[in-house]
Structures are given as C-alpha cells and as structure tokens.
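In what comes next, chain A is part of two complexes: it sits with chain B in the first one and with chain C in the second one.
Presenting the complex of A and B:
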C-alpha cells in the first residue's frame, strides 16, 4: 500500500471514529445539527456514486430526496391508510418510490434518448423544476405549504428517540450507505462504470449495454437519495416543495464538488463541511454568507479540482487489481 | 488473418464501423457465423464474439493498466450485467498472462494516461485478447509507432493468430508492416476491392501502385 493510500485509509477510519465519538464532546443542540449534516452526507453519497463513479452529472438529485421525504411524511401522517403509519413502512417507501422514479427517469434518459453530458444535466435540471412546481400545486401532499408535524424517529415502544439515539441511528445508516457505495465502486462493476465514465464507446464495444449500467446505478443512487430524504423529514418534522427542486439539487452538487467527487468519503464529508461552514457563515456574515459560499465554491473548484478531500481520502485499489492507482 | 489495405479515405474504417454495428448499412448483409448481424447495436455484435481496436488507442486513460484489462476480462467471462459483475472475481493468472503478452507486467498499477503511446497500443491488443473474441478487428494498430515498435506489434499479432487461434482483420496503409504480417491482403480504393493476394502480388499490381503513387503520365 502506498503512503497516500495508507493516509487515505487512516483518515477515513478516523473520520468515522470521530463521528462515532462526537456525542462525547458535543451538546444536544450540536448533535442535532450534526445528525442533519450526516443525513445530507447520505444524500451527497448518492450523487457521488453516479457523478464520481459513472460520470452522470445530475442536476435533479433532489427529486429523489424530496420524494423520499414526502413518502415518509405521507406514511407516518397516515395519509396512505392502506400502508399503515409505521416509520419502517415510511422508510421502505422512501427507498422504493424514489428508486422506481429514478429507474423510470433513467430509462427515459438513457434508454430512450441516450442522453449524456450537458444534455443530461439540462434535462435533470428541468425535471427538478417541473417536480417542484407539481409539488406546489398538488394539494394531497400539502401544496405550497407542504406537510407538517411529521413525527420524529421513535423507539419500538413509541417514545421518540433521544437526540443521541437519533444521531446513532442516522450515523449507522450513513455508514451502511457508504459501505454499499464503496462495495459497488470497488467491485468489477465499479471498474466498468469508471470505464463508461472514461470512454463510453470503448465500453460498448466490449459487449456492455452501457445504458443498462447507467440505469442501474442511477436507480441505486435514487434509492439512496430517497433514504436520506426519509431520514431528513423525521428530523425537521416537515416537507415542502423546495425539497424536490432545483436549489437543493444544486446545493448537493456543490457539497460533492467541494468535498471531492472522485472519492465517496470526500463527497460525504463535503456535505458536512459545507453545511457546517454555511451555519458558521450565516451567523457571522448575516445575509452575505451566500456570496461568501459561492466564492468558496469557485475557489475550491478552480484551485482544487479534486475537491478538499479528494486526494487526502483516496484509498488503495482493491487487492485483486494489485499495486498503484487510487479509488 | 486478412489485411485490408488502402489509401486514406478509401472506406476501411467505414467497413469496420459497419461490421461492428457503429453504422447500419444502406444495403447488403454482414454475416457472422452464418447470421446476419447488420444493424445490431455494437454491444450485441461484440457479444457474438467480435472485438475491435480503434485507430486512436481505445484504452481508458484515467484507469490503471490492471483496470483496463479487468473490463474486457469480465466481458470475456460473460459478466455483462451489473449484478453479475458485482460477484465477479477475475482470474489473476490469466490477467498476469495478458499483462505479459503486452509487455506491461511490471506496470499493472500505472495510470494508462501516463504510459507510452506504443504501450497503449499493445495494451489495447491485450484487452481484445482478454475479451476472448473470435474475430478481432485491428484498425491501424501501428499508427504513430516507431519502426521497432511496429515490428513488436507485428510479432504480437502473429502470435495471436498462431498461438491463440484468433481470426484477425487488420486495416493498414503501412506496406512495410503489412509485409511483416505474412497474410493475404485485399486492397480497397474508393470503397471497392481492386486487388487481392499475397504481399508480393499486390505490391506489384499496377492498380495498387496507381492508388498509392498516382497515375503515371
């Protein structure tokens, strides 16, 4: 293992250990904030998987996050009585529904029109705008105001989970999502996806149905984003149309770009870092924090194209591939 | 092995594009093992046992040499679907043999974008072998190579024919390289075959000389 790969592994383990130990040093308020950031981290992982691994630049990732959030809210508020009001059912729907929507959207974009690059970005951007407008006008899901009083995560006896218990629940969910993404990325499927990102035509001529692979990874990513959305709504207690819209889709792109899209842990920590910075900036810079954040984003993209953590957190390649290179 | 020779613009690469499904033909058939494959998509034709080398090396510059080999190796093992790839473990002995074949045994972890042009060309040929195709199409496999590298590639291609038993179609316009391949040749001019035979025959054919050097006045 090279020195940089050893450093990447050590920092990755250290980051997870640090997150595990955070309740020892942070108060309830900050643990609540960190739980939200970790949820956004899961969302960022979903984009990191398709953008970093397969080169699919999606400007509508919030569509899946928002559908997951609405699914959780609709079930737990009893608006879908035939499904009951269990949070587990809510979470299952928050994964399944966005997954199906992602599969359908992926099929239309990749199988139907073979979109890629800027065309794909524009179509997903438009889809996010359309979804947000549709959510505003659909009274069943609360229209412009959205849905309120979504119950927080609760224990089997019905009592709401404590702040720390919620944090650990979300933290373990994030770790499992990370490991799933890492498993895909480091498997031969990950190599083929990287091949598609690098040279789609070449991969096609080796016998791979490139569109099918894109639809598959897009679907998995949609499920992950929906899962994050489901967790999100239990923490904030509400869902509203901007959650499926363009603005959040752009934000997640910034988190992933700042963290480093080529490394999954970079994408995850990018969400935490940007959200924490936003929080600090909004407190100290008042209404100018958005300008400062925009400037920070431009600076990072221009000066550090691999993101803040892209190089630091790069892992050694899987053992089957031998020495050298990074993933 | 069969070599297709002809000046630039005579339709050699277009022929490969039709055979591999990149273009659908306006008419006629492309028969592979008795089956008409004209109009099928490239990945379907590839699955029938056709692998293609591109004029500009068709390698993955951002990936390591080992990763470049793994992609066709998995396809050669019939692991085309996303789920079947998740559980695939490539045979390390076969991978090492392929790396030996292209002379990159010590460079498995090197990024392909950083290796020499000749190494990329050899790597792509090894990738075609990894794909385990029965018919290999090589589009100007020595483009941009020195004389010594050209001889090494000619030797590698002959090994593919003699030791691996592959059927090979080579597009080329470098007569010296074609001579080293020791195979039958067809010469194309403006989309039509104008001569056929061994190197010694076609190199003396007046139509071939004319297509390369122009008409004597």
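Presenting the complex of A and C:
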C-alpha cells in the first residue's frame, strides 16, 4: 500500500470514528443538525456513485430524493391506506419507488442511442423541472404547500426516538450505504464502471454491456437517494415540491464536486462540510452566502477538479488489480 | 380566425425571442464545445441593465443599446476568468458555468432585491394586423429578432469571418495550422453569443416580469431548442426554437401554463431520446 493510500484509509476510518463519537462532545441541538447533514451525505453518496464511479453527470438527482421523501410522508401519514402507516413500510417504499423511477429513466436514457454528456445533463435537468412543476400541481401529494406533520422516527413501541438514537440510526444507515457503494466501486463491476467513465467506447468494444451497467448503477443510485429522502422527511416533518426540483439537484452536485467527486468519502464529507459551513456562515454572510458558495464551486471546478478531500481520502485500488497499483 | 392570427403572432414572437438566446448557445457550443449554463443569466443581466438604465435616465432605448455592450464585456471577462482554463474539460465547463449562474443570480438578488421589477412598455400602442389588435412593441421585437437572426446568418455564411469561424468549428487543428487565430475567434464568439443573450433579455424586459428567476425560465427552453433542433447547426437552432416556442405558445393557449410546460418538456425529451442528433441530424 502506498503512503497516500494508507493516509486515505486512516483518514476514512478516522472520519467514521469521529462521527460515531460526536454525541460525546456535541449537545442535542448540534446532533440534530449533524443528523441532517449525514442524511444529505447519503444523498451525496448516491450522486458520487454514478458521477464519480461511472461518469454519469445527473442534474436531476433530487427527483429520486424527493420521491423518497414523498413516499415516506404519504405512507406514514396514512395517505396510502392499503400499505398501512408503518415507518418500515415507508422506508421500503422510499427505496423501491425511486428505484423503479430511476430504472425507468435509466432505461429511457441509456437504451438505444445512449444519451451522455451534455444531453444527459440537460435531459435530467428538465426531468427535475418537470417533476417539480408536477408536484406543485398534484393535490393528492399536497400541491404547492406539500405535506405536513410527518411523524419523526420512532421506536417499535411508538415513542419518538431520542436525538442520539435518531443520529445513530441515520449514521449506521449512512455507513451501510457507504459500504455498499464502496463495495460496488471496488468490485469487478465497479472496474467496468470506471472503464465506462474513462472510455465508454473502448469498454463497449471489450465486450461489456455498457447500457446494462449504466442502468444498473443508476437504479442503485436512485434507491440510495430515495432512502436519504425518506430519512430526511422524518427529521424535517414536511415535504414540499422543491425537494424534487432542480435547485436541490444542483446543490448536491456542488457538495459532491467540492468534496471530491472521484472518492465516495469525499462526496459524503463534501455534503457535511458545505452544509455545516452554510449553517455557520449564512447568519453572518446572509445573502452573500450563495455568492460565496457559487464562487467556491467555480474555484474548485477550475483549480481543484479532485475536490477538497479527493486527494486526501483516495483509497488504494482493489488488490486484484495488482499490488499497490498506480492510479 | 382572429384568435388563430393572434396565436400565430404570439408563436412567432416567442420563437424569435427564443431564437436569439438559442443562437448564442449554439454558436458558443459549436465553436468552443462549451455548454454555457450561465447563458440564462446573461439574458437576466440584459433585462436588469434595462431596468437600471431606464430607472436612472428614464430612457428605455438607451438601456436596449447598452445591454448587448455590457454583456459582450461580461462575456469577455467570463471567458478570460473561467472558460479558458477549463477548455478541454467538457464536463467541468458545465459545472463552472453553472456555478457562475448561481453567483450572477444571487448577485442580482443582492443588487435589485428578489422581487419582480417592471419596465414600462416603450411602445404602448396597438397595431391592426389582419383585423387583430396586436401590441406594437411585440411587432417591434419580432422585426428586431428576425433582423438580428438574419444578420447572424449573414455573418456566418456570407462573410470571410464567418467562413473562418465555420472552419474552426469543422476542424480546429486544421484551421489553426492555416493561420487562423482560434483563441481570438473563441473570445469573439463568446462575447457575441453573450451579447445576443443580453440583447434578448433587454428586448423582452418590458413584456416579462423581470425577476431573478427569469434566466432559468429561458435557459431551459433554449437548451431544449438546441438539442431538439440539432447541436452545431444554425438551421437546427431555428427549427428547435420553432418547435419549442410554437409548442409552448400553442399548448398555453389551451391549458394552464404549468401543464403546457410539462407537455413541452416531455415532448422535447421524447424528441431528444429518439433523435439524439436533433431533427436536423435525424437521418444521418
């Protein structure tokens, strides 16, 4: 293992350990905030998986996040009586429905003469806009105002979970999502995805079914984003049309780019870092915050394509690709 | 009959305004392979230049003249500050210009507030067109947009400069080795494309509600026009604007505007899905 890879591994482990120990030093209010950031982190992971690993630049990732959030809200508010109102059902639907939508969208976009690059970005951007408009006009899901009073995560006996318990629930969910993405990225499948990212045509000519791989990873990513959306709703207690819209889609893009698109942990920590900074700065910078964020984003894209954490957190390539191979 | 004529006029009006924005996008993308996500915000700045100038001096026409000049300078600045550094990283140009659009939009909010501004109509009379009372200013927009579009076509297909630009689009390396300064060409194109967007924003300001979100409202239809019509082709831009502008106006006449938008987007996505090279390149 090279030195930088050892550093990456230790920093990654350290980051997770730090998150695990956070309740020892932070009060309830800050733990609540951190829980939200970690939820956004899961969302960022979903984008990091398709963008960083497979090179699919999706401008509509919030579609899946929002559908997940709405699913959770609809189920737990009892709006879908035949499904009951259990939170587990809600979470299951928050994973399944976005997954199916992602599979459908992926099939539309990648089957046939596959869309890529600019076409893909614009089609997904438009899809997000269409979803937001549709959500505003659909009265069943609350129309313009959205749905309110979504119950918080609760224990099996019906009591709401304590702040710390919610934090650990979300944190473990994030860890599992991370490990799943990492496993996909480091498996032979992930190597094919990296091949698609680097040279799609060559991968195609090596005999891999590029479309199927893309649709698969897009579907998994949609499920993850929906999962994050489901968790999000229980913390905020409401859902509204901007959750499926393109503003949130671009925000997650910024988190991932700033954190480091090519490294999953970078994407995850990017979400945490940007949201935490936003929270700390938005009071003092007020309306200049968005300008600062945009400028930071431009700067990172132009000067540091690896993102702030990308280099630091890079792990060694999988062992089967050769000992200490160079990336 | 009168309703049909009015609808046709509205369609032509929107299509031509869209064409101005789209032309800038197509030229920049065709020549530089840069997707300018901040193009909608250039449109936005154009509109706000008119707001600021007509507020300060009371003259709408001065604002209309200044807007493309301001935007050409903005275009040069953006090219110099950002674009030239990320020339060969296609995806990064999308991201960086997207960041730029956030900065500009929020900058406008800071300077002018988030609310809608209104610009008084400089030609408040109506003209009789085949028995329909149609606002004179809208006719003026159509005439101006058509003239500018024609001028752009003339520039591209009838002048030496246009020939050089088309040469760079077709084969950059070859054009460069024939002694064409491709970098200067890029800068000029970016400035002209930006100026076109700014001019469109300025000219549309009196008939739209001028607010910080109006750029996005125009960016997406114009992107769709580019993709629907066919990337890399000026004729494609015309066809695309016609399809998107026409569909938007015609659907809006029958159903609510939000539903019309959904329908237009879906229509565009289906076209893009099945004709990835656009209507122009469909049979290739």
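The rule is simple: the second predicted complex is superposed on the first by the 321 of 327 C-alpha atoms of A that agree within 3 Å, B and C clash if a C-alpha of one lies under 4 Å from a C-alpha of the other, contacts with A are read in each partner's own complex, and residues count from 1 in each chain.
Methods note: a contact is a pair of C-beta atoms (placed from the backbone, for glycine too) under 8 Å apart; a residue touches a chain by one contact, two chains touch by 3 or more.
Note that this is a predicted model, so its numbers are computed, not measured.
Applying the stated clash criterion after superposition on chain A shows that chain B and chain C can sit side by side. By the touch criterion defined above, A:203 lies against chain B but remains apart from chain C after alignment on the C-alpha atoms of chain A.
In the superposition on chain A, contact of A:3 is made with neither chain B nor chain C. In the superposed model, A:321 lies in contact with chain B only, and not with chain C. Legend: residue contacts after superposition of the two complexes on their common chain; A:191 is shown touching chain B, with no touch to chain C.
When the shared chain is aligned, chain B comes close enough to touch A:216, but chain C does not. Vertex at chain A: the C-alpha centres of chain B and chain C lie 80° apart in angle, rounded to steps of 10.
With the two structures overlaid on their shared chain A, chain B and chain C come no closer than 12 Å at the level of C-alpha atoms. Judged by the document's definition of touching, no chain A residue lies at the interface with chain B and also at the interface with chain C.
Across the complex, chain B is touched by residues 183-184, 187-189, 191-192, 194-195, 197-199, 201-210, 212-213, 216-217, 317, 320-325 of chain A. Note for the complex: chain B touches chain A at residues 20, 41-43, 46-47, 51-52, 54, 58-64, 66-67, 70-72, 74-75, 79-82, 85-86, 88-90, 92, 108-111, 127, 131. Contact residues of chain A toward chain C in the complex are 57, 108-109, 112-113, 115, 117-119, 121-123, 125-127, 129-130, 133-134, 136-137, 250, 253-254, 257, 287-288, 290-291, 293-295, 297-298, 301-302, 305.
Contact residues of chain C toward chain A in the complex are 29, 35, 82, 85-86, 89-92, 94-96, 98-103, 105-107, 109-110, 220, 223-224, 227, 231, 258-259, 261-262, 265-266, 268-269, 272-274, 276.
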